[in-house]
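One chain, subunit A, links the two complexes that follow: it is found with subunit B in the first and with subunit C in the second.
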Partner chain A sequence: MDADSDVALDILITNVVCVFRTRCHLNLRKIALEGANVIYKRDVGKVLMKLRKPRITATIWSSGKVICTGATSEEEAKLGARRLARSLQKLGFQVIFTDFKVVNVLAVCNMPFEIRLPEFTKNNRPHASYEPELHPAVCYRIKTLRATLQIFSTGSITVTGPNVKAVASAVEQIYPFVFESRK
Partner chain B sequence: SLIGAGKTPTLGGGFHANLGKESRAQTLQNGKRQIHHLGNQLQLNQHCLDTAFNFFKMAVSKHLTRGRKMTHVIAACLYLVCRTEGTPHMLLDLSDLLQVNVYVLGKTFLLLARELCINAPAIDPCLYIPRFAHMLEFGDKNHEVSMTALRLLQRMKRDWMHTGRRPSGLCGAALLVAARMHDFRRTVKEVIRVVKVCESTLRKRLTEFEDTPTSQLTIDEFMRIDLEEECDPPSFTAGQKKLKIQQLEKALSKKLEDFEGEISSYQDEIEIELENSRPKAKGVFANFTKDDSIEDNTSSVLGEEEAEDEELEAAANHLNKDFYNELHEKDRVERNEDGECKNGNEALVRPPALESLLGPLPTAASLGITESIKECISTKDREPGENTGDGELDLSGIDDSEIDRYILNDTEAQIKAELWMKENADYLKEQKEKEARIAKEKELGIYKEHKPKKSAKKREPIQASTAGEAIEKMLEQKKISSKINYNVLRDLNSKGSNTPKKEDDSTDDSTNTKKLSRRKSIASRNIANPVNSVGKRLRPLISTLPAKKAATEEVTFPNAQAEAPGLEKSAAVLVESGPVTYNPDEEVEEEEIEEDDDHCMSALQLVGGNDYGCDMDDDDGY
Partner chain C sequence: AHYAQQQLVCAACGCVLAEGLLTTTYADEEHLREVAYSQSTGQKEQLSRCLLRGIRRVQDLCKVLQLPTVFEETAVSYFQRALQHPSFHLVSLEKKELLGGCCVFVTCRQHNWPLTMGTICSLLYAKQELFAGVYLSLQKELELSVPALSLADLVTTHLNSFQLFQHGADIPAAFVEDKEKMVARTMQMVELASETWLVTGRHPIPVVTAAAFLAWQSLQPAGRLTCPFARFCKLAGVDLPPPAHLRLKELLDILLRMASQLAWLKVFKLDKKTVVKHIGDLLQHRIFLLKNAFCLEGEEEQRAAGEGSAGESSPSSPAPSGEAAQEPSAGKRQREGGRRPLLPPCLLNPRKRLRTAALSPADAALTGDEPISDSEMEQYLRSPEEMRALRKAKAWP
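Here is the complex of A and B:
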């Protein structure tokens, strides 16, 4: 999605987080002992399983809830999740793949100009918040999209949102504001 | 004057109107106290403290204190005031005072600012200069050094050093340089102790400043001239450098590719020649290479199973090229094409490696892509099915055998189990001990579920000079209803009570008759105690009769008070519990006198000529 008539900003998706349920109780101990690439964190009660093919790290709870992180696209996330469910199935659990949902998408985008942060904050008062003592970036929240953007003075912007579309439209929305306060 | 008199009911409070008032008052008071306490430590003036209290009131009314530590909210209110007033207080100071993580405070502060829709103006490092300069003790030259530091800061701002940086760090750097300019030797350590940043941060700021053209000016020049040119922010320049390096690398790799292209064209030519010249050899080689390539393929494609025949052949071709490259490297060297030779060598060294990588990689990639495409198509078809909660696992594109590799066989599982046990030995030990303990306790029958204890509140002994004061203080502590008119209560002690007019109490007369006999025993006790029990007595009354007028409660008061002596014994024993049973006939013994004797004396005096009556004039007061 282009942000401006001249410029085509490439938005790089760095992380997609998704959840799904297996609708069956999982014996973490068994997974931990028989899985080849798992880390068993007994004190918190979860198992980390890492897949190589879509690079994915999954956190598995005994209740059957699984969170998958590390994918670089929504399709990849789904593929990885299904792979994971299949491997759990092979371990002997009656897995049913339900409630798959992409929960969070993290993307990075680079503006070709620098941004004056104090000025930007003043112009976008309620949405933008800037605390140099705490964090060097301005935190801009778009309530309608439920997206958060972190705008740095070098022009690089980190966006997080519930899905890829929201992230793209967030970047589109912010571009004019950021353009105003450019150096 | 203190508690109940001026309370106005909150409008539109909904169901909170009556229930939460007392606790609300308590919260606000507590908050006010804490604000003043903290504010005094920060040397904030009264106006600031009042504003902070206003913020706090707003926060409480928006229920922002729920689920948050009161101290955090108080600190956030105070910092908000500091920001709006522009006082040189940092969030770091507050966190130092409270010993709380500064980011936690920051979170609360941001939330507060957002919810109260208060826009805190951005913090300006110039505000901190006078404060830090004072702490660095420049003596007479304090003002001069401050002015120099201010100029430096402005310069830094224009040179874009201040965006995204902690203002305290910038201040520290500016002050250090200013001090040196005026011949004050302040070491980095002294400065960081005052400014509260890390040494490396300070050094970094100094080096950044060094990079700006302003640093080249002498002291006098700096004071007089201002350079026109503005610098880019340091992180930007670093980013630019990176970009440049990347571009260089790209250019290099492009060149390499060009060379590779040339080389591959040479390769083709050579192959053609070879085919023409040595067909048999090629056949032999082809067999060898095919075998090799198969082995290589399977060994390198670990976990990427989907190698079909076509793929194998493609890989074989790639590796054929590889093999030929190695064969003909020597030829190349002999040919001595100078410039290209060198590059050719480098490039040659690379292509074998690349191609061996390229061998497996394209296969995997192509497979991966086709996989996902297949899935996309198939999932589109199946999407409605899946979404309706079918729950069936869509196995398209998932190869079982690959996933089998994720599952260990028995020996491996055993080894892993051992390893894990060793790693987590401590935790497992703890768990075992805990279980053993619980088992033992269960056997002995003492096993108790340990619930988090609510620490019992310790009450301070009330110290007051008059009975009235004591009552006030006690009621303040015990948080009894604000509907009671305490003035009247005080008068009770001084004047006398009215004829009782209570609804459900039948022991009026008995208590009234008994009062004379009780007088002395009453006198020996503290008024506070009976009123203690009175308070308790009142609570159930109040809770059951919320709508009744205060007047009736006043009326009940003297009665309750009259019963008080009777209840005293039980009261003295059951300080914390709820309703106390009526025991007017109980013989009252002289209990320990807990409070001062003076108290008793005054009580005696007060009680001396009393009739336990109360004025009924205050009916209209409410």
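Here is the complex of A and C:
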């Protein structure tokens, strides 16, 4: 098996986190009273609202900042955020959908081979950090992409990055290094 | 600095005749005692109390662990550098206390001195999560390169704490073992474990403990096979970490598979207890046995494909040679059936995970800017009756 040959790797996006602002103050008690699928966390001052389609959980603060998690693609995240803004509009708030940004993408990828972690760490200092006493995976950071990869001995890799493109590039970048230390 | 002034004194009346003859010649000062800077007031005046306390803690830790002086100097220098760094200067006192321990830990790792996080955390009375956080940020901020824990050295150090090498009141005579033999055999067991994916990603100490137990049992199986793992650890004066039972099971599984390939053991039906008697032989021939007992996944597929084609071609050839061709392939298949790919244990019995299905074509065509109809949003609003009921129930004004 040659590292340069085309290997189709399935990168499965498991979570996309995005934020947006409503540019207006939100009355959390009103949302808790009049909104369905809502949990009011009075002690921390936020409201959790869950949408069914797309399956998204939103954290809403009274300042108008909203964080949405649970989407499986950037487009789905945007749609979910807009749906949420719409539902807030229906509740009577003067919502303007602004400052939408995808802040974090979590994806999982499976390599078709096992990986020797001690060897991989030795070959990839200082980017790689392996502490079996703390965590079973190697933590590899790519500064330029602001991405972090967790590489397990089974070949499974968990990637977090600021957007889907960064995540895909990270996987592409790590493949040759991981291939070197394969079993 | 501590300084004594010379005075010319009359022997009869004792009055001072001459004084203030300040001199810095070595001849005058050779009678002065040498005081280390760290113990004089000079250092105390220059360093902050927090730094002094921290340095003293680092020095105490090094003394308790009986580390060489070089380690102490390195650890103190790391501590001073770290404390000047903004990310450590303003942290809580609890973290500053841990910082000293982290510096000692890093120094030990850099000199391949096998110190585990568990040991340091117990000496500092610290939570491992907090220690881990401080350790990782120390590594990042000071850009320190910390080599991996050396397993061979860890085996030697961990076995040093076992109390089975000398006769004692609690220990039956049959349980006492020679240290050199035990260390050598445990080292071989640990190497076997690391070749068969039992060490990667796991805590090292449970593996070493389980390997030590099997090594100890195999050196004199007669009296020791009936001794359970927990009792062994209690007699040795060592903690039994919870994962050690699983590591023991995994090691025994590997040994049983290897034993099935050893010619003179094939006739016996070995189980977890009886295989211990033959650990010496198994370790001696482990390279050969591992190759035969386990196979790589790719090889397995190739051989299966080869067998398939051999099976197809045999009916066409004349009967005797066809039978001859079938027998070795059948024999091979039987041996193949015993083989198992050499994989990390979690891949051998994969737990079914609920993975979200791949995006359907409709979902894949999403742009995020589709229009949203009112009817869709109705489901997220409570009806007036619901609101009234909620108000009544919660007694909201």
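Criterion: the second predicted complex is superposed on the first by the 178 of 183 C-alpha atoms of A that agree within 3 Å, B and C clash if a C-alpha of one lies under 4 Å from a C-alpha of the other, contacts with A are read in each partner's own complex, and residues count from 1 in each chain.
The criterion applied here is as follows: a contact is a pair of C-beta atoms (placed from the backbone, for glycine too) under 8 Å apart; a residue touches a chain by one contact, two chains touch by 3 or more.
Note that the structure is a prediction, hence the values are computed from the model and not measured.
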Determine, for the superposed arrangement built on subunit A, whether subunit B and subunit C clash or fit. clash
Looking at A:97 after the superposition, I want to know if it touches subunit B, subunit C, both of them or none. Which is it: first, second, both, neither? first
Touching A:87 in the superposition: subunit B (first), subunit C (second), both, neither? both
Is A:142 in contact with subunit B, with subunit C, with both, or with neither (first, second, both, neither)? neither
Go through the superposed model and pick first if A:125 touches only subunit B, second if only subunit C, both, or neither. both
Subunit B versus subunit C as contact partner of A:106, first or second or both or neither: neither
Tell me the contact category for A:74 with respect to subunit B and subunit C: first, second, both or neither. second
Looking at the overlay, does A:12 come into contact with subunit B only (first), subunit C only (second), both, or neither? second
Stretch of subunit B, among 273-281, 399-407, 453-461 or 579-587, that runs into subunit C once the two complexes are superposed: 399-407
Subunit A residues contacted in one complex by subunit B, in the other by subunit C: 33-37, 51-52, 75-76, 78-79, 82-83, 86-87, 90-91, 114, 116-118, 121-122, 125-126, 129-134, 136-137, 152-154
Sites on subunit C touched by subunit A in the complex: 116-118, 128, 132, 136, 139, 143, 145, 148-149, 197, 199-204, 343-344, 346-347, 355-356, 358-359, 363, 366-370, 372, 374, 376-382, 386-387, 390-391, 396
Which positions of subunit B touch subunit A when the two form their complex? 90-92, 102-103, 106, 109-110, 113-114, 117, 119, 122-123, 160, 163-168, 232-233, 235-236, 239, 303-304, 368, 371-372, 375-376, 379, 386, 389, 391-395, 397-398, 400, 402-408, 412-413, 416-417, 420, 424, 427
State the interface residues of subunit A toward subunit C in the complex, per the touch definition above. 10, 12, 14, 29, 33-37, 49, 51-52, 72-79, 82-83, 86-87, 90-91, 114, 116-118, 121-122, 125-126, 129-134, 136-137, 152-154
Sort out for me which residues of subunit A touch subunit B in the complex. 23, 32-37, 40, 42-43, 51-53, 75-76, 78-79, 82-83, 85-87, 89-91, 95-98, 100, 114, 116-118, 121-122, 125-126, 129-134, 136-137, 152-155, 183
